[in-house]
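Note that chain A is present in both complexes that follow, paired respectively with chain B and with chain C.
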Partner chain A sequence: MTLTTEKNGTQLTVHLSGELNTLTAPELTALLDKELGGVKALTLDFTECDYVSSAGLRVLLATFKQMKAVGGDMKLSNVGENFQDVLKNTGLDAVFGV
Partner chain B sequence: MAEQYTLRIPAKLEGMDLILAFVSLLLDTNGCSTKARTQLRMAVEEIYVNQTLYAYPSGDGWAEMQGSVENDVATFTLIDGGTPFDPLAKADPDITLSGEARGIGGLGIYMVKTMVDELEYEYRDGCNRLMMRRRLHEEP
Partner chain C sequence: MKGFCEKKFSSMLVSGTITTAVMYLMLLSDSIIAGHFIGAAGVAGINAINPVTAVVTFFGDLLSTGVGVVYTREVGAMRKDRADEIYSQGLIISIGVGLLSALLIFAIQNTYFSMCGVTGEIMERALEYYRLMPINSFLTIVVFYLEQMVFSDGDELCNNICYGFQIGGNILCSVILTKFLGMKGIILGSIIGNGLGIVTCLWHYFRKCNTLHFKWHLSFKDFLLTSRYSIVDSCVYISWGIMDAVMISFVSSRFGEAGQITLAVVVNLIEFSVVMDGVGKALQALIGTYFGEKNHVLIKRVMKSGAKAAVIEGIVATALIWIFTKQFCGLFGIRDGAALEPSITALRIVSTGFTFCSLVALTTSYFMLTDHIMMGTSFACLQNGILYILLPLLGGLAFGFNGMWAGFVASPILTLICAYLFVYLRFGKDNFPFMLKHMDTEIVVLDETLSPESAAKLSDKVRDSLLAHQYARTVANNAALFTEEIGLTILERNKKAKKPLQIELSLFFEESSVLLIERDSGVLFDITESDVQVGELSSFILSGLMEAKQEKAYLLTTSYNRNMIRFSRA
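The block that comes next holds the complex of A and B.
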């Protein structure tokens, strides 16, 4: 999985490319651990990632809680059809507002 | 009767890519839809990861994947010789909870249930056997 970031003040965008699965989810966790300090608005761009397994969802939920705890916000953008199905089936579409 | 293919590897997390490559190869040679391919790969990932975590608490063991395609339906069976464990017995998570009220885990097996057409667990001849079945294309 390839992760690229854009930071603008307290806004951080992470572009994901590849599959967010059990083996790659720790890469996203490590990146967020490093970059999330002081961030109030996080956007995760899924244009090039339409495979998100439960390990990926775990990172998203943990990050969502972390952002809420500091009064911040987390958004998912450009969610593809397969990922949308996963979010819908797990009720996370309502949680993440997609 | 459809030809059945088998892959047997050490039950370790690092083997996941190999298991998923096996799944992809079998599906791609049978003209599987993108949606069914993604869902079957994800379902297999969840079950395999579960196996590597729980089947052999006291050490190393093996995991076997059997796959076949017949009449546009794929069947995959994941087998191990570890501790009897039925992953389907666990209660489904409450998916209506808010983000704040949820735990962060427990969604894997539930996701599998939503992605395949048939799912069956059996403990037979000293082995855990988890069979899943899904159509390669949606109904028209």
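The block that comes next holds the complex of A and C.
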């Protein structure tokens, strides 16, 4: 998986490309640990990432909690069909506002 | 690298070997104990009742082997109700035939002894042993059946413990009781051993891995169906009986009493070689399941493991006989004298054919398991009946005493050549040697030792496989997600597992859909159940995915979880 970032003050956008699974979720965790300091608005762009497993979802949920704890906001954008189905089936679409 | 099916085969090999040899071992132990505590008359008394024992063995085999084969095949095809019918009918018939045989054996006692020709002390010993034969025959037929079904249900632990009690119990009780009760004590030991075996088998019904459920069913058509598969093994015993009769006549006329003694030991060795059919027995449950699934990839894989095991078993058996030839002769009372050296030579010559005997047994088992029953029966009779008579006779006429034993070595070699030549000529080069061309579905098999990383790698392989077959990316991702979450859920459920977990996936690519069959060695649970307990995020997601899936099924198979999920192209 490839991760690219765009930072604009307190806004951070992370573009994911590839699969977010058990093998690649630690890479996302490491990136967010490094970049999230001082960020108030986080956007995760899934245009080029059409596969998210529970391992990836775990990272997203942990990050969501972390952002809420600092009064920030987190959005998931351009979510693909498979990931949308997972979010709908698990009721997490309401949590992430997808 | 040993995959899932190879590991399961290995774990069933010991059980399978003992299953084929249990009757032989029970009788052998009775003969040895009789020889030691009672004397030659005791051994001869047991031998005098051999035809009755042979008939009981025949029925025990006839009523059990075929049921095991058909049961695993129906489970493989996910037809559990049908499998239950086959099992239940087998149980009813085994108990019925067991009771009938007990009554008959009791009723024909006087007629049998008036015809069998034994007299004097041998007759007395035989009568004492025969007295409890009715009870023993009932228990033998029932325990045969239960052992076969517990084995087919994949519970080799219960099976091995059962054999331990059955054979060990028999030996221990026979040794103790013979001192007080003579010959009656020996057969009472067998009764106790068989009884303990039955009780142990009943334990299987209380275990989580049990899938044997009773439902009243009796059908003559189904009886014929299951009996067909038993014919291959059963005909071997009949062939040996005919071979024994012909060879006794030939040897006594050309080589006298000394030759007879050596022949008796050689025939015992040939009967001992039945243990090498254990490889085929160990494959039975697996090939039955894969045949029901039409999984030709795994049938071939497991057969390759079987062939390796058959060769190794044959070589080990040959080596053991060569090393312990004198001790083997000693079991039958040949410790010195004129008969010892010729017997040692004969045993060593005959045992060199064991590897080929092992391969023939595997081949005929495979023919039987893949519905080529006529072929299996024919080649079993060719080796054990026709060639085991013809080649020793020719060898004896041409090259004398040792030429006879060389004939026993040549028989399995010639049978193997004939069998594979027949397959090549009848079924063609493309279908050689497995004859599975009629199963033409494309199948991809993936197996791994389970870990979070390997679950993700398997998921990637499933996605790549579906994309390579022109499935839409959304479908491929869906299948990949199932794979990863199933793997992670299994790991979640097996946190306390001491042994590495194995997982095997078979992808059956059909015209408009792909069937994913998942097998794992973890704790038994049904992931397709709507109210399955959810622990972590992976099982939560999997539960949601399963809920949305229409075509899914779970069936516990040979003590492993087996899940089937279908993904349509559209």
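General remarks:
Following the convention adopted for this analysis, the second predicted complex is superposed on the first by the 98 of 98 C-alpha atoms of A that agree within 3 Å, B and C clash if a C-alpha of one lies under 4 Å from a C-alpha of the other, contacts with A are read in each partner's own complex, and residues count from 1 in each chain.
Quick note on the criterion: a residue touches a chain if its C-beta (ideal position, glycine included) is under 8 Å from a C-beta of that chain, and two chains touch if they have at least 3 such contacts.
The structure displayed is predicted, hence computed values, not measured ones.
Touch criterion met: A:V86 reaches chain B and chain C at once. Applying the stated contact rule after C-alpha superposition, one finds that A:V98 touches neither chain B nor chain C. In the superposed model, A:L31 makes contact with neither chain B nor chain C. Of the two partner chains placed around the shared chain by superposition, chain B and chain C are both touched by A:T22. Put simply, more of the residues of chain A are touched by B, taking chain B and chain C as the two choices. In the superposed model, A:A41 makes contact with neither chain B nor chain C. When the two structures are aligned on the shared chain, A:F64 is found in touch with chain B, with no touch to chain C.
Of the residues of chain A, those at positions 21-23, 50-51, 53-55, 57-58, 61, 81-82, 85-86, 89-90 touch chain B in one of the two structures and chain C in the other. Listed in rising order, the residues of chain A touching chain B in the complex are 21-23, 50-51, 53-55, 57-58, 61-62, 64-65, 68, 81-82, 85-86, 89-92, 95-96. For chain B in complex with chain A, the residues that touch the partner chain are 13-14, 16-17, 34-35, 38-39, 41-42, 45-46, 49, 95-100, 102, 104-105, 107-108, 110-111, 114-115.
Contact residues of chain A toward chain C in the complex are 19, 21-23, 50-51, 53-55, 57-58, 61, 80-82, 85-86, 89-90. For chain C in complex with chain A, the touching residues are 452-453, 455-457, 459-460, 463, 473-474, 477-478, 480-481, 484-485, 488, 536-538, 540-541, 544-545, 547-548.
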